[in-house]
Structure formats: C-alpha cells, structure tokens
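Next up: the structures, one after another.
Across the two complexes that follow, chain A remains constant while its partner is chain B and subsequently chain C.
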Partner chain A sequence: MNMVLPRIAARNLLRQKKRTILLAGAIAFGIMIVTLINGFAGSFIQNVSENFAYLMGGHVFVSGSEYTPSGKRISVIRDDSVIMKALEDSGQKWASIAKTSQATASLIFEGKSVSQNLTGIDITHSKMLKERLVLVKGSWEDASQPDAIIISQSVANKLNVLPGDKIVAQLQTVTGQNNVGEFRVAAISVDSSIIGSRMTYVQLEYLNNLIGLGKGEYMSLGIMLDRLDLSDGFATSLYTSMKGNGIQLFDRNAKQESTSTTPFQAMISEQNSETWSGTKYRVYTIDDVLSQARQIVVALDTASVAILIVLFAIVMIGISNTFRMSMYERIREIGTMRAVGVQRGEIRAMFLYEALFLALAGAIAGIVLALVIMGILGLFSFDPQSAIFLILKRGHLSFYLPPLRAIGNIAIIAVLTLVAVYAPANAAAKLAPAEALRTVK
Partner chain B sequence: MQIIELRNAKKDYLLGKVTVPAIKGVSFAIERGDFVSIAGPSGSGKTTILNMIGLIDIPTSGEVIIDGKNTSGLSDQELTRFRHEVLGFIFQSFNLIPVLNVWENIEFPLLLGRTRVPKNEWKDWIDFLIGEVGLGDWRDHKPNELSGGQRQRVAIARALVTKPSIVLADEPTANLDSATGEQIIDLMKKINREIQTTFIFSTHDATIVSIADHVIRLRDGTIIENRRNGEDINGSGAVGAPVED
Partner chain C sequence: MNVFFRKRNPKFVKAASLAVMMLAGLLAAVPTVFAQAKPDPVALLKELDQLSDFSGKDFSAVFTIVTQKPGEKDSVTQARIFRRDTKKQFLILILLPEVNKGQGYLREEDNVWFYDPTSRKFSHSSVKENLQNTKAKNSDFTLSSFADDYAVTSMTEGTLGKFPVWILDLKAKTNEVSYERVVLYIRKDRTMLLKREDYSVNGRLMRTTAYPKYIELDGKLLSTQILILDEINKGEKSQITMAEQSVAPLPDKVFTKAFLEQVSR
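Presenting the complex of A and B:
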C-alpha cells in the first residue's frame, strides 16, 4: 500500500482544523448518544436479572404443581429428595440453594396495615440471607425464633414497630382459606442490593403452617449460581437429569411452538391447559421470567440503530457537501497529483482515507465521551424506594457497553462516512488533469 | 535523435455549444537533450501544446509520439503510468502539495510507482537535487514558508526526481520577478546540460526565449516559427503553417 496517500489524507484533515473538529464533533455527538443508549440497554438486562434473581432467591428454579381433591391447582413441592438426587446427578455446581414458600399478607400493627409478600425461608441456616441482609435493629439470634419476622426499614417505619413487637398477618392458605397469624418482629433490615428493602422474611415452617403446607414442604426451590450467564446451561442439565430420574416435568421447549407474547407466558399457558395426577415440576430460569425485559433491550437496541441511521443521515449530508467543497478547493492539487502520476483510484482512495480517519476520530471521541458521561451518571445514587430500583445496581445507574456493539457502531459510522464521501471522491478521481490544472479558484 | 513528435495535432475546446480550435493542426519534432522554448502571446496555444506533450490533454486529432511510443489510444491508467515514468512537470503556480514539506514534496513522485531511481538511492538522489536547487537549509519547511523562487526550485527538483526523459515547464517564470525568473531559467539550463534531460518550457518573455536551443513560436494555434540552433527547420515533420484537412 502506498503510505503517502494516507499521510496526505491525515495532514489534510489537520490542515482544516475547524472543519475537521466540526465534522468529527457531529459524528462524536451521534455516537455518544447511541453509545449511551447501548450502554444503558447492556446493563439493563443484567441489573434487572440480578435484582430479580435476588428477589426470587435464585437463578434457576424448580417448582411443583398439583391438583387438590377439589380440583384447585396449588404450587407445592412435597418431597424434594428426587429433585436433590437429580441435582447431584446433573454434575453441575451451584453457590447455594433456597427452599421458599410465598404468601401475600396484610401486616397489621396498632391499626396500621401494610401489604407485603412474605417469603418463608429457613432463616436460621440461610447463608445467602445473612450475607446480603444487614440488620439495623434486632439480631440473627432473635431471627432464628419460629415466629420471627424480618421487615425492612421502610415497612418498620410505616407500621411504627420495633424489634420485640408482635404484628398480625392476614393471609390465605394455598387452598384459598382465610387465616391469621402472629409474628414477632425479630429484626429490621437494610439491604445492600436494594431489593431487600421490599422483602419480608419469615421462618419457612411457620409460614407453611399458616398457609396449609406440611413440614418439609415448600413451593419453590431456588438455585443461586456463581454467574447469571450459567443459568440456561444449568437449567438444561437439571431438566435432563430430572427427566432421566423419571420425574414428571412440564416441557421446557413449549415456548418454541407457541404464539404467546413471551416464552415464559407460553410455558405457563401450556401448563394451564394440561391436567395430571401427582406433582408435576417445571424448571425455569430468571431469563425465562424476564423475557419481556429482554424485549425491552431489543427495543432499545433497535431504537439506537434507528437513531444512529437518522442522525447520521443528517451528518452524512453535511460531510458529503463539505468534501465536495474540499474537492473544489483542492482541484489544482488534484490536477498536479494526476499530472505527476497519481492514478484515479489513488485520488479516490486519498479522499476515502480522509473520510475514514474523520469517522474513526469522531467515533472514538464519541465513545470516550459516552464512557465519561456513563462514569459521571454512575456516581449519582438513587432512592432505593424509587420506581427505577430494578434497573439500578446497588442504588446507582450502571452501564455496560458490549465491546462488539462499540466496534459495530464504529464500523457502521465508518461505512456510512465512506458512502457519503464516495461521490465527491469519485468526482475528484474523474477530473481530467488538464481541466483541473486550468481551474482558477 | 527525436524524443517528441507531434503529427498534425489538433485540439478543439467546446465552450457551451461553440467549438473553439485551440491548436489547428501542428507537426513538429524535438531532439533529445534540447532546451526548447514554446513561445507566443497569451492564447496562442502554448499551454495546450505542453499539455498534449505532457499527456494530460488528448489531441482532438493527430498523434503524439513520446520516446518512440505513439500515445494515441492509451488508457487513462497507461497515460498516467507513462507520465510518471517519462515526464516531469513544472507549473506556473508551482503547485506543490501544501501539507508536505520540501523533502516530502520532492520525494512524492518516487512513491507513486516504478521509477528509474533504485529505492536505496532515493535519499542520496533527493539530497543531491535539494543541493542542486540550493534549498539544503529548507528541506523541512512547508511550501507556505517559502518564497516564490524557492517554491519553483522545489518544483524543479520534484520534476527531476524520477529522472524523466522530458521536463515540461509551463511559464515557469511568470509568477516570479525578473531576477528570480532568470535564476530559475539558468538553473533549468544548468541541469539540462548536466544530466541531458530534455527541457520544454513555454514563455512569452523574449529574453528567456533567446536561451533556448530550439524555439517553436505560436500564434493563434499555429506554428509561425520553428528554429533550432538558429536555423529554420524544414522537413522531418516540422512545418510552419497549419495543415489543412
């Protein structure tokens, strides 16, 4: 490759500093906006998934369903020994497992009431809970009591309760009977992962008793893995292993044949249409539950590409006109080069090099600018109670720009700029040398 | 030995719908190593003749033979390659590349393809040329930091760097004061004597014309005088009047 032409192209850009800064600035601005959207979209799914994983107590879940004699379908795992065997047989590693039951209850204290989702879990032995939950009042020792309830700071404030106070919970059993229970406030928590502020924990056995489940029974088995991206592989192995152990399972692939809006909805809708005897299990991941969140990411990414194209269509018109002007300004220079032996293709290449350098400079500047803005935005902390808590990472906005996406954006800009400059570059290449030399500027 | 021959070369330009004849069919030959002046008033066709010899303009009809090669029918790519290998150019407005310094401007044609200068001799050859044109202390300067005379010296060195058989100079002194103009012509003449390159320059300055070995005088696109070493050239394709079709 003849290196003198890229050298001249680069110096021509430097010669016209103001023009170059304006054009590269326009590219940088566009790329910055798109990169910010991509960065937000990139972390959105990760934050939502991680926050939900913690909210739901796992990355991969097994839940059981059965029909009561009256024909009502309830969610229950009565004997998990077969699941545990299948887990061992799958040969996969996990960080922790949590057996939970859930119930929606109204917590009442001295005439004040708050509706909360109660998560029944073995508080005494839950490593995950002790790692993540920070108690501001009360103690883990008190929380080991059978009737203990751990409430968040905000719930405690609303009910105006302190550790040791007894609160009443109104709830329904799995079969739909109304029931009332009494809990003793054992601890008040803040949670570093934000979600915790919305969670209320009680002892699994105690909750089971109130909702009509027996000892050793629970609704859902949550398996926490080391990383979110391991979920799908783990779920597939576990599913295969459970199937191999002869466990009755809902089909994981139902989603592919369904017309429902999301794969998870497809799976649930298919399960609703089935009848069976005994307990039938389903294996699902946090990704299955959050497929709608993935659709948001796809929408954001599509929007960013649309913005990229619209924004750059405008910028490219400017670039194309500027290069046309630049060609007329340098017409004698082009004539001279042609006279001394520069071929047409090389003249075209020189202009295209110029366009490429401009695009790269603008795109890289835009990405750097976007990263700086992401860093600054990431410094602000948001109220854990705010509506956007699910997309936050430890109370902060976070961004993740997939490297391939950044490279892709740079490539799109480079190609668009080359396309925009091709016509003036070609016009320059087609100039007859004598005509170019005759031109009086 | 002839290095250039024009056979009944005509050039018409289209101005709107009107065809304007710039060169009305001229034939002449130029000997290798000569210092040739194409003289005549403005609009007489000097630049058009030089452009046709320089293969940057194609005759409307007729033939241009350079270094024994008939250039009619060559593609743009072949003409460009031929220009690069055989011809050097000096322009009235110097036409240096503004973003390159003196050394890089002179080096530029060498980077464009095969030349008669082996690559390992480039540096010494460029240094020699910079010395010849007296710009040893200005090698790192950009064209806008040089005077008109200095720029034209750079242009001369650039024209010679590929060791071309022919150097074409279109009014090389027109943008210079008379003293600098004379220096430039003296320099061209000196190089012509030293390395036997054929120099063809156009001018309307009578004092410069007198230095030339061979003078072709034009008026209104026709040759009115064709004199070599003081003698009228007759025969061998040189004519003093347009050829009628």
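Presenting the complex of A and C:
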C-alpha cells in the first residue's frame, strides 16, 4: 500500500495545527455528547432492571389468579407442587427462589401511623433477604420469631420505634375484609432506596393468617437468577415446561393493544377479559414489567442519533468550507504535485485522507473525553432516597457504552466527514496543473 | 292533714288494695309483654336498610368531614355527593380542601374511579378505600344492606344514653364484606341506628360510629351527623355532617366520567 499519500495528508493536518485542533475539537464535542447519551442509555435499562429485581426479589415471577365463589378475583398460589415440578423439568438453573405474599398496611405505634407494603417471606430461611438487607438494629435471630417485622430506618424514625416494640398493622384480607395484626419490631434495616424504604418484611405464615391465606399458600414465586440477561430465556423455558405439564397459563405473548402497553399489562388486560375455573398462572420477567423503560432507552438512542446528525450537519458545513479554503490556499502546491506526475485520484485521496484522519482523531478524542466525564460523574455518590435511585448503581451514576455503538459512531463521523470533504477534494483533483501553477493568491 | 292518715271506709280500702294488686300484677307483666314484642332481627335489619334506601329516587347532599389526628391540625374535607341507588351509582366531588378541589370518585356498578383534575386521569379505586385523608370510607356514602351482607348472631336489649336499644350482633355472610363482625345499637321506640361497632376478622374493634342526629326526608330517616372513632389508632376521629339534602331527580349525565371532568375544571 502506498503510504506516501497518508503521510502527506497527516503532515498537511499538522501544518495547520490551530485549524486542525478547532475542527477536531468540534467533532470531539459532538461525539462526546452522543457518547454520553449512549452510555447513559446503555446502563439505564440495566440499572433500572437490577434495582427492580432487587426490590421485587426476583428476575422471573410466577403468580396465580383464581375466582372466589362470588366471582371476585384474587391472587393466590395454593399448591405450588406443579410449578416446582415444571421448574425442575425445565432444566434451568436459578440462584434462589422466594415465596412471598404482599399486603398494604397502615403501621401504627402510639398515635403515629405510616403506610407500608408488607412482604411476607420465610425470613428464617431466606438467604436472599439476609444478603440484601443490612441491619442497623436488632438481629436475624429475633427476626425468626413468628410475629417479627423488619422495618427500614425511615419507617422506624417516623413511628419512633426500637427493636422489641409492638406495632399494630391495619390491613385487608385478599377478599377485602379489614383486619388487624400485631407485630414485634425485630430489626431495623438500612434504607436501600426511596422504594426500598417502603418495603417491610414479615413472616409469610403470620401475614397469610392475617390476609386470609392458608398455610403453604402464597401470592408470588420470585426466582432470582445469576444474571439479568438470562431472565427471558428462563421464563420461556419455564412457561413451556408449565404448559407441557398441563397447567392453565396466561399467554406470555398476549397481543399488545398499543406500543405504550407493556407485555405485562397486555397479560393483565387478557386476564381482565376472560374467566376461568381453578387457578390460572402468569409467568413474567422484570423486563416484561419494565418494557416501557426499554422504550425510554429507544427514545434516548433515537435522540442521540438525531443530535449526532444535527451537530454534524453543522460541523460538516464548517469542515467542507475549511477544506475548500484549504484547497485554494494550497492551489499552487496541488499544481506542482500534478506537474510532477501525481494523479487526480491521488490528489482526491490526499484530501480524503486528511478528512479521515481529522474525523478519527476528533471521534477518538470525543470518546476518550466522554469516558473521562463518565468516570468523574460515576464518582459522585447520590442519596439512595433520591428520586433517581432507580437509575443508580449502588448509589452512583453508571454508564455502559456498547463497543459496537462506539465503533458505529466513529464510522458515521468518518463517512459524514468524507462526504463533506468529497466536493472540495474533487474540485482539487480536477484542477488543471498549468492553471493551478499560474494562480496567484 | 295527710290523706293517708285519714280514717278510711273498709270497702274503699279493700277496693284500693285490689286495684294496687292488679296494677302491680300489670306492671309485673309488662316486661313479658315487651319480651313478646321483641321484633324479628332480620325484619329489623331490613327496616334499617329501608330507612337509607333511596332506590327509585336520586339523592344528593353536601357532606363536611372534619378529621382529627393526634399531633396534627384538624383537616376539613367537604364533598358533594350524588347517589342513584337503583343503579348502584354515585359521584363524589371534592369541594374542600382547596388543594384537592375538583377531585372526584365515580361509581359504576362495582367499579370506583378516582379522578384527579391535575393529571386529568382516572385511576381505579374501591368502595373499601378511605375517602381522602378521612376515617370515612367510600362505602359509607353508598347504599348498604345489613340484611343481605350479615346474619344476626344475637339480639339483646340495652340502653344507649337515655334510649332503650336493641343490640344486634352481626356476622358477615361472606368473607367479602368490609367488616367480619358488626354490632348495631338500634333505638327501640323508633327504628333508627344510634351506634355501630365494626370488628376485624380476628375480632378486634376497629371503628365505632355514632349517629346522634337525624332528619326526615321523603319519609326516610337520614343521619345528618356521624361520628367515626378509630379504635386502632386511638385519638383519630372524623365527624361527618350533612347539608343540602335533596331527593330531586338528577340528570343521567351526572354519573358519567365526562360530567366529573367537566365539573372538576
């Protein structure tokens, strides 16, 4: 390969350092903005999904619905042996499973009350809970008591309670009857987030008793996997296995009425439009629930492409003009080169090489700059109680730039720059050597 | 001179003694007569239901609810209520507090929709939910049927203040009514509910409601003042007063989402 032309192109760029820096700087700024948006969008769905998986206690979920004799629909899994068999039959691996029941309750202590989502879980044997919750007061031993309740620091502060205090919970049974229970504060946990602080854990059996469910029954089976990206495959496999075992299931591929409907909402709407006897199950993943978050990512990516095009349309006009100016400045040099035998195509190629080097230098500088800014932003620690906690990773902003997207951005810049420079390069190539040499600037 | 020390005619004394004995016998027989007059508890419940049943008619009124919570300033919620019991419809339009003005609840059959004029969106609610931040539930403003929802487990006599009352202990017929056990104190001389106690599934007293004032409207008895005491969170209570009661017919459009949106502006 002839390396003379690239070398001349590089030398030409270095000859006009100020101009090169300004042009490359403009490209770098544009690509930095786009890379930051891409990086944010890349980690957005990951962080939101992981945070939700953390809060909901699983990546894949199974829940059951049945009708009461009066026609009221309630959420319950009465006999999970069929699900467990299907789970085994699916041949999939999981990290942990959690059987839970949920209820919204008003927790009351000495005239103060606070509304909380109670999650009934086998606290004594829940490895997941022990890994997730950091206790600041009380102990896991106390939390094994039947009437134990684990509340977050903010709830403890609002109610002004300490471990050992007895609090009253006012809630409703699954069929909507009012009930009252008494819990003993066993432990106080660190607030993990604004939603996490609303999560309160109690013993499954005790809660079931209050909400009208029997022993061994529960509302939702949460399956935690090793990685988030395994959830869809796992759910499909479990769904097939359950279907194979003759279990009544809501269609996982329920038709979405509109693009704003999540697969989960489509499933719920399917559930609302039909009746059945016995228990009908639903298999869904965190992604099904959060598919609207995916639409945010698509919107962010689209916005980044639009920004890329607008920014570079402006930059390209500048580059095109600069190269046209550069061509007139170097017109005698071009004439000399043509006179000593340099071909038209090589003159064009020289200009295009210059444009390519400029684009690559600018794009790489922009990406490096974006990575540095991402690193700096990632150092800031945010309050887990803040509203943006869902997009945070362990209290920090995080970015993920898919390598292919970075390469794609560089390629787009390179192509756009080449397109912008093609016309002046072509004009330079078409110059007649004698005429070029006669030109006086 | 005292008449009792006056010398009496023996015949008069005998007749008087006989009269006293007869009167004493009559008095002794009174409780028996009353016991025999003990009404059928189910019929009594039905009569109670009838009193607040405006089926076939529309009903509207303005309710003011003053809620007291320990350590908090009293809050005042005012709502205009439109009811059409025949179709199980109601519309509750919040008038106060100013910050919630325009919010509303619309019931169509068993669905209750909550409307927020700020977001201009409807969200699903329930008759079992509390109205705003008060101790009153949406169901307190609907037609309820004790006779349909509850079975009488005992009926005893008692006194509430100066009124002799029937005390009816009720147990829910299904597990879908708000309270598993309800105790009603019904005035004897004229069927009207004076007090009600609501119990949780596990038998704990949750709410005591007193109905101290009534008015008669279109042949029905309406409680114009209701006091609700939260027995779980002691000190929390709400007082509901009713005004501008009317049974004038309401246009059909009142019970529509469009109407709620329109009046909320």
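Criterion: the second predicted complex is superposed on the first by the 426 of 441 C-alpha atoms of A that agree within 3 Å, B and C clash if a C-alpha of one lies under 4 Å from a C-alpha of the other, contacts with A are read in each partner's own complex, and residues count from 1 in each chain.
As a working rule, a residue touches a chain if its C-beta (ideal position, glycine included) is under 8 Å from a C-beta of that chain, and two chains touch if they have at least 3 such contacts.
Predicted model only: the values in this text are computed from it and were never measured.
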Superposed partners chain B and chain C on chain A - clash or fit: fit
Determine, under the contact definition given at the top, whether A:Ser70 touches first (chain B), second (chain C), both, or neither. second
Chain A-centred angle between chain C and chain B, computed on Cα centres after superposition, in steps of 10 °: 150
Going by the contact rule set out at the top, does A:Gly176 touch chain B (first), chain C (second), both, or neither? second
First (chain B), second (chain C), both or neither touched by A:Gly246: neither
For A:Gly212, is the partner it touches chain B (first), chain C (second), both, or none of the two (neither)? second
Check the residue A:Pro403 against both partner chains and state whether it touches chain B (first), chain C (second), both, or neither. neither
Looking at A:Gly91, would you say it contacts chain B, chain C, both, or neither? Reply first, second, both or neither. neither
Once the two complexes are aligned on their shared chain, state how close chain B comes to chain C by Cα atoms, in whole Å. 66
Chain A residues touching chain B - in the complex, by the definition given at the top: 2-4, 8, 11-12, 14-15, 332-333, 335-344, 346, 432-434, 437
Touching residues of chain A toward chain C in the complex: what are they? 68, 70, 72, 106, 108, 111-113, 168, 170, 172-173, 175-181, 210, 212
If you look only at chain B, which of its residues touch chain A in the complex? 51, 54, 56-57, 76-77, 80-81, 83-85, 88-89, 91, 93, 95-100, 104, 108-109, 111-113, 158, 162
If we count contacts the way the header does, which residues on chain C are in touch with chain A in the complex? 70-71, 126, 128, 172, 174-180, 198, 200-202, 204, 206, 232-235
